[in-house]
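Input: one structure, supplied below.
Naming follows writing order (A, B, C and D), and every chain is counted from residue 1.
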Amino acid sequence: MVLIRDLAIQGAQMLLVLALAPLFTGFVRKVKARLVRRQGPPLIQPYLDLVRLARKEVVLADSASWLFRVIPYLVFAATWVAASLIPTFRTGLLFSWSADLIAIIALLGSGRFFLALAGLDVGTSFGGIGSSREVMIASLAEPAMLMVVFTLALIAGSTQLSTVAEFMASPQVGLRVSLGLGLLGLIMVAIAENGRIPIDNPATHLELTMVHEAMVLEYSGRHLALIELSSSLKLLLYVSLLACLFMPWGIETANAAVPALAIGIGAYVAKLAVGGFLLALFETSIAKMRVFRVPEFLGAALMLGLLATLLRFVSGSF
Amino acid sequence: MSRIDFDIAHLLAGTLVLISFLELYQDRLYALLNVYAAHAFVLAASVAWQAFVQDAPHLYVTAVIALLFKAIAIPVTLHRIIAKLGIHREIEKVVGVGSTMLAGIGLVALSMVVMLRVTHGADPLAREDLAFALSVVLLGLLMMVTRRNAVSQVVGFMSLENGLVLAATGAKGMPLVVEISVAFSILIAFIVIGIFLFRIRERFDTVDVQALDRYRGERR
Amino acid sequence: MTVDALTGVLAIPAIAAALLAVLPGYRLTARINIAASGLTLICALSLFVRRPATGAYLLVDDLNATFVVLTTFVGFTTSIFSASYIGHELESGRLTPPFVRFYHAMYQVLMFGMNLALIANNIGLMWVAIEMATLTTVLMVGIYRTHEALEAAWKYFILGSVGIALALFGTILVYMAARPVVGEGLDAMVWTVLVQRASAFDPALLDVAFVFLLLGYGTKVGLAPLHAWLPDAHAEGPTPISAVLSGLLLNVALYALLRFKMLLAVNTGALAPGPLMVTLGLISLVFAVFMLYRRRDIKRMFAYSSIEHMGIITFAFGMGGPLANFAGLLHMTMHSLTKSAIFFAVGHVAQAKGTQRIADMGGLTETHPMLGWSLVLGVVAIAGLPPLGIFMSEFLVVSSTFARAPLLALVLVFGILVGVAALFLRLNSIAFGQPRGPVGKTEASYVPMFAHLALVLGAGIYLPPALVAWFQNVAGLLG
Amino acid sequence: MTLTLALAGAAFQLALGVCAVIIGRAAAASRLIYGASMVVSAISLVAAVTHLLGAAASESLTLPVGLPWLGAHFRLDALSAFFLAVVDLGAASASLFALGYGEHEKTPERVLPFYPAFVAGMTLVVLADDAFTFLVSWEFMSLTSWALVMAHHRVPDNVRAGYVYLVMASFGTLALLLAFGLLAGPDGFYAFGQMRAAHPAGMIGALAMILALIGAGSKAGIVPLHAWLPLAHPAAPSHVSTLMSGVMTKVAVYGFVRIVFDLTGGPAWWWSIVVLALGGITAVMGVLYALMQHDLKRLLAYHTVENIGIIFIGLGLALAFKSYGMLFAAALALTAALLHVFNHSLFKSLLFFGAGAVLTSTGERDMEHLGGLIHRMPQTAFVFLVGCAAISALPPLNGFVSEWLTFQAILLSPQLPSWGLKLLVPAVGALLALSAALAAACFVKAYGVTFLGRPRTRTAETAAETDGFSLAAMFILAALCLVAGILPGIFIDALAPISTALLGERMPVQIGSQWLSIVPIAASRSSYDGLLVFAFIAMSGMFAAFAVHRLASDKLRRAPAWDCGYPDASPATQYTATSFAQPIRRVFGTVLFHAREQVEMPPPGDGRPARLTVEMSDPIWDWLYAPIAAAIGIAADRLNRLQFLTIRQFLTLVFCALVILLLVLAVWS
């Protein structure tokens, strides 16, 4: 009985993130447009895009291999699994103990790994640019992320996301320096990982500046749809991660009744709205930086994470 | 042994050291050879004296060898060779006579210090004799390393060997002394008239060691 | 019966020498040479089963029995090798029949000298024997009559004679020291007596004596800075002689040194000979390994490696103690076998390639696989890599030293490492890489070489207990 | 029983080597030798695994060979059994691979005799139980592998590689020799049992630890002693490179663990500082070096350096915990390190096999001349991809598990009291994370440039799939990578006896835990379930595929690549390995390798192509090895003058020696 309920909730979580992801992307676009006094596309525009892409036929480059066709599914699967492990409205998900924070990072990493391979598969110069830049960014972003995770793990005494979230929700976590540093670092990483301004501009196809888009340049049709979906899943994932770690209010614990869950979902959606708005605001108020400034940006994130961890190591009071 | 015997032996040994110094002092080959002859002669005398005081007749053989072979035969042959090979008469030195002398004195002092540490259990004659013999050996070696041309080096070696014989005969009742002196005479014969000088003469025009060194290994 | 073994060891070479001096014909003389060496070896082996009583002149104990057997064995194998080697020299016209006759005679004289030196129970006799051996080798080094050969022989001769003189002076001093205790006459030069009574000798005299003996016999051992004759003599003489020099003569000289060390070890008042030997050993080692780098002549290179190993052995005996002494003896044996095997290989290589210049050889493992790989194996052995015998001795030396005197051990290890680097630097260019030089087949006698290498390999894996017991016993004697 | 079997196996391998000397040139020789060697290794592997899983008591045996009055001691305890299994697994798979690969060998008589001997050497090292036997086997292992590196001796680079290798190997052996000399003491207690009993701690132990680190580290490839490794490993035939990279470095790790955890007494806290710092540096330097390479095999060799660094980080943590008596954490760290030993031996062998297959079918090691092989050699491409994912620590494969455990160990370390460690461990953690991320980047490059894209040369275009034996070996290893990734609990439990023996503490039993997940400390704290993640990914992937093919159109059209509408130029316009690494080179290489890029731009109207040349320098070589070589050269030149003195000058030397000694006598009293 309990198992079935847990399974149901886990499934609900998976479907929820899957359903919300395009909406959130659309929401961010809308807000951005509004902020620059444009009408902007409708909120459901991403869904429409996905459907349209799915209907189109796939145009596959001659030099593409079987790997190129498998990768979209792999990437999507990895990202989705990762996203569905993040407590959004309720902790203690059934499968949460099958992978902790480190594993989630690794899952995202494998998604990126295969995407970068896809960039190289067709054998075009743009794909190469995208992949090489992507891995360069990742090689700094991942350690930074891990350092932040270390900080949180040391504070909460666990790398288990549910435990951490519950700990964060609990009163015994006060305002801590290391937490602040961690938050900052995590935000920077999130921006980099999702290819948002100032690291990368998801809206542009200006060759010299693009990273993520260059990698997936050769994709089309349903493959492209899957990739689009997984990138918006990723964005959602990061925002909900930030939410459940640093805005844990209203998140429900494992033994919560069904009505309580409604509250949880409500709180979650509200958090997403706030996060999306802040993101849009940030993006509109800043200019994109040159690619070779990115290492400095991420280096800063890494240093923040390391500093936070060090502080934790030196004494528990930080 | 009685006092007088001791003094004479002592005197002869001392003379040997003195003559070694004289050798160091020479700068002409012929003169050097003459001095060496004297060296050998004194050695013969000293050996004979030892034979007398130790009444060890076999030592007389050594004495005779020293007299005939070293004091007469060798110098004569060397004269011949010099004349034949037309070696010029100067002795090329590495360091000047003065400093050589100083070094020699230092060596004598050293040998004294080393030898006089010997406890008085060993009889004084042996000790003094050894001290002198050691200095003669060292002086001979010094001569070998400070002289450039072969004849003088040979002479240095021979006086070194004289020192050995002096020591051997001084060692009372030492067996095989005669054999050893004979062996050494053969050795010297090897050096002087032996195959090498011979070959060398037919290959190079001088026994100057540096001429040999022109054909040192690895210089190909 | 007892006398026969010793007299055999001495008489057979003497008679053979006389015989070979008169007999003509290369084949016959070569065969006689081998036969004589073989007989000598058999006599020597009989020393294991029955030990003759020690007389006033001759003596056999664990120490020199081992050495005698080693000497006669290497002498035997070398005679086999030299048969084919000299044959080739005759064909190539580098040697003429009279010289070959002279060579064979001298070879036996050399054997006689070394055996005498080893079993002499009398320091004077030992001195005479060693000098005889030295002089014979001088003659053989000069046998090619080339400028280089003559110059090498001359250098060897002069330095050797000085060494002889110094050693004699030391011997006289020992007599002087012994006389007051033992009394005049022969007894004062007899080993067995000396060792028993040495405690009462005058220490000061013994000190001086040891200094002279160390330099005198050290010259023969080839310790730096007294080594100068060694490389050229090895490089310019016939290869069998190089093998015998490295494999045996150095050992014999060192053996003499050890005897006197035992004397000093008994006497408490005398200075400890250890430090002197350790110092000389380390100097030789470090000096030799650096000299290895710039060598262009393959035989000269291995001559320097002999200096290196003599340094290690002297170091081991200088350190003293059961482990180090055992290691020293083992290293001595292994080095003789290995180094002579290497010289066998090198001799054939030089004949096959028609040169001794390292620069003119290359890819030997391809052009002459047997020779090439045996040379590689030999160098591996001489570099002290397992599973060959020298590794065991080096293992014992280093590990036992490091616990007692870490700094010395560090110097030792440094030397060994630099040596290995140098040896393999050259080996790579000789045995590997693009083949250079002539590729023709050579008729070579592999038997001696393989025999030696097999022995070294076997010893590295398994030492027969009897031998171990002997070495341990001797190591105890050496103190 | 197991011990006897293993020893018999080693003896048999040696015998095989001897046979190979005789029949080396025969046609069927390589099939025969490799087949027999494989069978023997497989049998011994089974024995070792059963011994390990059965947690059987340690067996020991003394043969009357080796050092007299001591004999050759052999012992098989949990640690040896584990490493024996690693060795045998590597050897068996390598032999299987070589059954096919060996056919391409030009000079089999230079490979066949040494290959089984090499295997035997490694086996004996892990079984040896006294210093002498250990060192003999150790150096024998180096020697045989040296001979194998010299197999293709006509290539000058190989000869140089072999030279550097042999010198470094002797250096390492001498360091170990000193370490053992220290542990054995002046009376020469060379048996490990005696050393264990003596349990030297304090200064002796510390010195021994340092020497062991130098000795084993130089064999394992710890920076800065790694210089020989990237030269020698690629130079050997590929199946030997596999053994050297995948197995021999592990034997070196065994040596370190044996000496430091077993023979010496309780560690001092600062030992771990040394090990941790070196490990971290090694991990990052190794992967950075690898990123700069475009020779496939050399790249893999540098990754061995990186993984050795990761292993040593684990060992360092274990030391730190042990020194403060936190035995449970120590067990965790040690298990992590050992598990990584096993995993690395799996995927590194797999990758080297792949490189070997590419080498045989294209004759190329240089990635810049490859590309598009996924079309030509699909199966090799697939298994190589698995290997890349595994070594890049991507879940659900095995590489991730051991790194995850290491992270868990790092997260336990704030409880360490010492300040030095408090500051160092996070930094090391950051280095570990960095190296993991960079490794992923590096293997995107390796795989993308070699197997993806369009072929850059004719040879790459006309490559053919490799033979069945090689494929079999690779598929087996790939399967093992997956199994070890999704069922890590079994392997962790198998390692428990080791930590029990060395630390007296073990990780909790994993087999029983829910859904086969692994729980290092407590479920609330951290847990990972490879099986579930795998199933989860598979399910959602299949779901996606199902949905797409149900709902979306499955029309597909082949067309020229779009590439932003640029006309498709020659394959030369693809990204190469060098250009792919350029961003990372700019970030890390400029300082570390003095990487300089020079663009040579012809003036307008000049038809010549513009060139971009990159030059880099290896700091460690320039600052450590070159000076030493120069110093030795100078010394040699100086001393060499002594060869050319005149006789008189030599006499002067003798004379001076005499006078000096006499002076010594004079001043003695």
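Heads up, the rule we're going with is that a residue touches a chain if its C-beta (ideal position, glycine included) is under 8 Å from a C-beta of that chain, and two chains touch if they have at least 3 such contacts.
This one's a predicted model, so the numbers in the text were calculated from it and none came from an experiment.
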* Between B-C and B-D, which chain pair is linked by more C-beta pairs in contact? -> B-C
* When the centre of a chain is set as the mean of its C-alpha atoms, what distance in Å lies between chain B and chain C? -> 31
* Structure fact -> The distance between the C-alpha centres of chain B and chain D, rounded to whole Å, is 69
* Please report how many Å separate the Cα centroid of chain C from that of chain D, as a whole number. => 44
* Structure fact -> Cα centroid separation, chain A vs chain D, in Å, comes to 35
* Of all residues in chain B, which are in touch with two or more distinct other chains? -> 114, 117, 141, 144, 153, 212-213, 216-218
* Asked: Tell me, which residues of chain C touch at least two other chains?
  -> 154-155, 158, 162, 204, 208, 231
* **Complete list of chain pairs which touch one another** => A-D, B-C, B-D, C-D
* Could you pull out which chain D residues touch chain A in their complex? => 371-372, 374-375, 378, 381, 385, 389, 392-395, 400, 404, 407-408, 410-411, 413-414, 422-423, 425-427, 429-430, 433-434, 436-438, 440-441, 443-445, 447-449, 452-454, 515, 517, 523-529, 532-533, 536-538, 540-541, 544-545, 548, 551-564, 566, 571, 573-575, 579-584, 586-587
* Structure fact -> Interface with chain D, chain C side, in the complex: residues 154-155, 158-159, 162-163, 166, 204, 207-208, 211-212, 214-215, 219, 225-226, 228-229, 231, 271, 276, 287, 290-291, 293-294, 323, 363, 365, 380, 383, 385-387, 391-392, 395-396, 398-404, 409-410, 413, 416-418, 420-421, 424-425, 428, 432-434, 460-463, 465, 468, 472
* chain B-facing residues of chain D, complex -> 643-644, 646-648, 651-652, 654-655, 658-659, 662-663, 665-666, 669
* Given the complex with chain C, which residues does chain D contribute to the contact? -> 64-69, 131-132, 135-136, 139-140, 143, 150, 153-154, 156, 159, 162-163, 166-167, 170-171, 174, 177-178, 180-182, 184-186, 188, 190, 632-633, 635-637, 639-640, 642-643, 645, 647, 650-651, 653-654, 656-658, 661-662, 665, 668-669
* **In the complex with chain D, residue positions of chain A that touch it** => 14, 54-67, 73-74, 76-78, 80-81, 95, 97-100, 102-103, 106-107, 109-110, 112-113, 116-117, 119-129, 131-133, 135-136, 138-143, 146-147, 150, 153-154, 157-160, 163, 205, 207, 217-218, 221-222, 225-226, 291-292, 295, 302, 305-306, 309-310, 312-314, 316
